[in-house]
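Chain IDs A, B, C and D follow the sequence of writing; residue 1 opens each chain.
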Amino acid sequence: MSQADLPARVRAFVEAHCIPREDAAHVHDPVALDHALAQLRPVAREAGLYLPQLPVAQGGLGLGWVERAAVLEEAGRSYLGPGALNCAAPDQPNMISLLRQGTPQQRETYLEPLAAGRVRSCFAMTEPAPGAGSDPSMLRTTATRDGDGWVIEGRKWFITGAVGAAFAIVLAQTAEGPTQFIVHTDHPGFRLVRSIRAIDPFAIGGHGEIVFEGCRVAGDAVLGEVGRGFDYAQQRLEPARLSHCMRLMGRARRALELAEAYVNERRSFGDRLADLQQVQAMVADCHIDLHASRLMTLDCAARMDAGASVKTESAMAKVFVSEALHRVADRAAQMMGALGMSEDAPVALILRELRPFRIYDGASELHRATLGRRFLKASLGDQR
Amino acid sequence: MSQADLPARVRAFVEAHCIPREDAAHVHDPVALDHALAQLRPVAREAGLYLPQLPVAQGGLGLGWVERAAVLEEAGRSYLGPGALNCAAPDQPNMISLLRQGTPQQRETYLEPLAAGRVRSCFAMTEPAPGAGSDPSMLRTTATRDGDGWVIEGRKWFITGAVGAAFAIVLAQTAEGPTQFIVHTDHPGFRLVRSIRAIDPFAIGGHGEIVFEGCRVAGDAVLGEVGRGFDYAQQRLEPARLSHCMRLMGRARRALELAEAYVNERRSFGDRLADLQQVQAMVADCHIDLHASRLMTLDCAARMDAGASVKTESAMAKVFVSEALHRVADRAAQMMGALGMSEDAPVALILRELRPFRIYDGASELHRATLGRRFLKASLGDQR
Amino acid sequence: MSQADLPARVRAFVEAHCIPREDAAHVHDPVALDHALAQLRPVAREAGLYLPQLPVAQGGLGLGWVERAAVLEEAGRSYLGPGALNCAAPDQPNMISLLRQGTPQQRETYLEPLAAGRVRSCFAMTEPAPGAGSDPSMLRTTATRDGDGWVIEGRKWFITGAVGAAFAIVLAQTAEGPTQFIVHTDHPGFRLVRSIRAIDPFAIGGHGEIVFEGCRVAGDAVLGEVGRGFDYAQQRLEPARLSHCMRLMGRARRALELAEAYVNERRSFGDRLADLQQVQAMVADCHIDLHASRLMTLDCAARMDAGASVKTESAMAKVFVSEALHRVADRAAQMMGALGMSEDAPVALILRELRPFRIYDGASELHRATLGRRFLKASLGDQR
Amino acid sequence: MSQADLPARVRAFVEAHCIPREDAAHVHDPVALDHALAQLRPVAREAGLYLPQLPVAQGGLGLGWVERAAVLEEAGRSYLGPGALNCAAPDQPNMISLLRQGTPQQRETYLEPLAAGRVRSCFAMTEPAPGAGSDPSMLRTTATRDGDGWVIEGRKWFITGAVGAAFAIVLAQTAEGPTQFIVHTDHPGFRLVRSIRAIDPFAIGGHGEIVFEGCRVAGDAVLGEVGRGFDYAQQRLEPARLSHCMRLMGRARRALELAEAYVNERRSFGDRLADLQQVQAMVADCHIDLHASRLMTLDCAARMDAGASVKTESAMAKVFVSEALHRVADRAAQMMGALGMSEDAPVALILRELRPFRIYDGASELHRATLGRRFLKASLGDQR
């Protein structure tokens, strides 16, 4: 089946099913949000839009990265879209990790229900200060061998998706180095302390704080090889970032569409707002930001489809896109005046959703320093 | 009594009483917020910090504008401060309107309990599209003479302070022009439809939507002269804006203080964040923004104390300060990483509080166009 | 012959031949600049790098737009590069105009020597106020039929390339509408008044001011059809802009390379400048700006190769690229301190070269207003 | 004599005498510039405007810092103004140094003719890499005791005012630490190698490169105490910076005035440019930038008049003002289109004059890092 019309079909699905179900009551309410997603997923599956990122063998649509770009952007126009298609974080990167590093048994136990949308999951890496944040070497959660199993101790924080998750992929320090474990959330010693309310209102599964106290897991809880946890975490980061760019591009575009409709109608001091040059300039800058963001994202996608490294390009895209999309939403809110500040129009909520992207997956400042050093080192090489 | 130490005493009050009572549970909950303020006001009064903006004859501290600047900035470090001192919007400008335009009877009935903190009030000007927003000439709420009274019909929107207010100052169109009316909120025909949830989480009295349906008021409900409602609205705008600048400067400073404490402690990749140049530059830019904001605000305050017009200067200050303070809070949140995105630290909430100031009291774009035209016209004069 | 290595060969040519001939004495000296170019062209031709933009039939390399992008960027690393390859403005767009609209006779008389590099030319459209600037409808230069010829009267201004040009393509108003004429610069009635010194120091042929006084030309001086002069001018604009983006990308990259080399060596307060985070961040932002600029330019190039319209995309690229490249050069100059301000390092001169691009070929503000209106109108269509 | 009208009188002088003598032929021609200044100084003296910064005892107007602000701003509207009033850098800070650190003999020999405008001087601190730039500890020029005198060896670079200077105040390393020497420019061993052409076109005395080869000076060439050269250099920096802010504010204002006059006349697409909102917004932003710059400068001036330290405030002002004024000139140039790029209107030249201020007297990045560290350290103190 040709998939050239997939973005248009996703758009139609989002318009017909997701946007009408958007509800400010979902703000900071992961349970209500899960409920809405549960209603949407069968519709998405029926429409042949489900699981765009997984191979056909795993029930997905088997799209490459470039093909995925437009699909994820269209899905992202509603905060319900990616979850409805089951291509939202952190389940999406977790599925990819399980596919790559999971044993056949792990795939059956964890990947299958996750892909089917029967359960959700989370990825427990970040820790409160002075633990692992941007710098994973500060990892303080430990896993100690105990017979043929392991005992995990520590505290995780800002774990997106934790509320309502069936299992977590947990990064913990072992004698052999950082290691990934799969832990059921109802396992003894795993305790979800609370959901941290953050500026982004629609995080699926919220942002949990988790305590591991004498949490004993069996030997087959290790995902991938012992000691390679950081490598795996790094590997998931680039595709995760890129998927964020795609989905959030849709969020920003939605904000812009709403603002355009508003200024096309609203009058002030005798003029349609759309006839004012400052408004026109804001609209132009939004489109320029989106255009550049899309091109940088597609460039990474094409490189990934070609099997090339995107280490530098994905970091540049992350910095630019996260900042550009926030500018788009900020201008959209500004154009809509008081309405842009309210939850009546979703623009203020989109603005809140987009703010953390400049921090999650590596703060802009961290990327800038790393990129700068890398370019300066390369430049030294050029001169030799 | 010398008041030179007033800012320091306000700071001490805010540290001892307001900040400890700050609670994320107040987000979008005007009732809980009122409850907290009711507990704080007696303490503020006892400490001699209450009502800084009113004359001594009305029970205030009788401060001039320059004196008020540091007091309001210190109060603004907590979202509870201005309300505790009873110098928060919209009660503060309402008191000034009643003082200037009110009859002795109106002062006794409305100003006295407002100043005493027994009741709250609101100012009902803004209307949903296509009514009065930035452009007051689009006013659609009407007041029609009916015997010796008036009947008000219309819809108001984004009326800050409406939830829990005892009365509203309402702007309505009459045959003689726009006119201010004082209306009790329990008056027949006055209906608070709902509280509009907006991006700013701690608006005292929320942002109400109000419907006037056959709302009949007596002749003495008119505040000031019939037909001069816009003049009065304009008159309150400049001092209101300036007071916003002062209070919100405190909010932004608080965010910066929290970020400075964070980066002084937090380490990443072996460095204290405070030792990283990008962080240092962000801190420097925050202080520069605050310094310039303070000087522009003080310049207006001194002109107002001298009885001079601040038409141009207050518009320049509004544009600069509203944008500068948002930059400060945005950088503060960025410096704090994930914590800066959470409601654990109040920085993300402060960022949300500061965003609407670029719109409320006149969007930046409107001020820029007006200022530009005024300067260009003046420049023509120079050349003659 | 495969051309995959063409960019590398152009780079080698620029390094070996152009950069060593760069000389601050060329600043505002079109004659000295022409002299240098005359020496370089045979070398470029010998190296098979000459005339990348013309078809093979006209002696060019026959490159498509995407292929041209990297070649023009490499050539642009030196201000001598594009002229050496004979792909500099305004000769490049003039050749394309002659190719498209010229009669066989005109091609032989004008295109052939231009392509061969024996002569230079200019395009005389812009007029001093109140004549044609961004708005071509204000055209005041006239051409009146006189027997079988025309008499041209008027004044042109900021005509890049005029000093030393053999002929000009002139836009003049006729009874049938704006029309293009080819006029020899030694023709009676054509007078080059002066060369306007502008901020960009290395304009080939300077920026001339030209007066037409009773300038009688024969009927075959018309280029293309009478009355279609604006259409032709529009047609040349998009490719001209895109070529500017390509060439100037090379200028900005050169500035960045020089700054990188400088900060890799220079120490201050005990640190290499390259080890300072603010410097690293500036380097990262330069690369991000260049990367986004390149992708937007390539996107237009690919659309042009495919025969698609780039009306919107080329305007977005023009705005973004012109501003981004100026930021790159500005940061490069800043990183180099006093040296970055001097003509010793060419960075300050590159900064000056890049500034006018935000104005030439349509000021950013004009493009923003046009783009905004176009997007807003399209958005209205979406809603129907 | 009351001096309240001094700024207006300086403005009148600048309009009547300086602006008419402005000439693009002065670009990079210190000799022609000196010639123009020599004609203007007697007029300024006659008008009672000469030497605003020196005490009355030294023939100056004896103005305090706040009084000086408006005078220097008015003078700065023309690049000829400060030189005409003899309050231009580097003579102005040199006079202050001689006044503070000079012996009676040195004052007579050097200060008297300098104040009288018979000679010019320069301050030779900066060295080419790897010598002293922002970091004075890298000083490589040495002075070695030789009998009762000293022998100076080294190379100085970017020494503003060197061309045509009668003497230089030279910073050189001695066994006792950095020391200031006064050296006649015709002294054996002092060689002006060249004038470095920099982006700023009207530096009085250009930017010289100077070589000291066996330059033997007598013992009384030492200015101030041996070993205290850095302290003195630091002391001159803050007032020098502030004076730059004042003068350059005038340059930026001039650019804005020219742009305002232009957009008030020029039409495009049927509108006066002044009627376009983007232009209005640019004008507003220019005035806001100037207003904030002026307030920050005046705040420092008032502190200096009160004898307070301005270490932090002058660094904040330097960063803000240097960047704000450049934005003003950049917008002014942009508003004027092609004319703004030419030397016909002086705006492009003003833009070039303002660019180096972000580097001279300490690059913005250096100030940001220093300020950030200082604020962060102070914040630590607050928490104790």
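Everything below uses one rule, namely that a contact is a pair of C-beta atoms (placed from the backbone, for glycine too) under 8 Å apart; a residue touches a chain by one contact, two chains touch by 3 or more.
This is a predicted model, so every value here is computed, not measured.
Looking at chain A and chain C, the chains in contact with each of them are B, D.
The chain with its CA mean position farthest from that of chain B is C.
Across the two interfaces under comparison, B-C and C-D, the one joined by more C-beta contacts turns out to be C-D.
Chain geometry summary: the mean Cα position of chain B and that of chain C are 52 Å apart. Inter-chain centre distance (chain B to chain D, centres taken as mean C-alpha positions): 43 Å. Mean C-alpha position of chain C lies 37 Å from that of chain D.
Residues of chain D in contact with two or more other chains: 276-279, 281, 365, 368-369. Residues of chain C that touch chain B in their complex: 276-278, 281.
Against chain A, in their complex, chain C makes its touches with residues 257, 260-261, 263-264, 274, 277, 279-285, 287-288, 291-292, 295-296, 299, 313, 316, 319-320, 365, 367-369, 371-373, 375-376, 379-380, 382-383. Contact residues of chain C toward chain D in the complex are 24, 126, 129-130, 133-135, 137-138, 157-158, 196-200, 207, 265-270, 276, 278-279, 333-334, 337-344, 348, 351-352, 355-356, 358-360, 363-366, 368-369.
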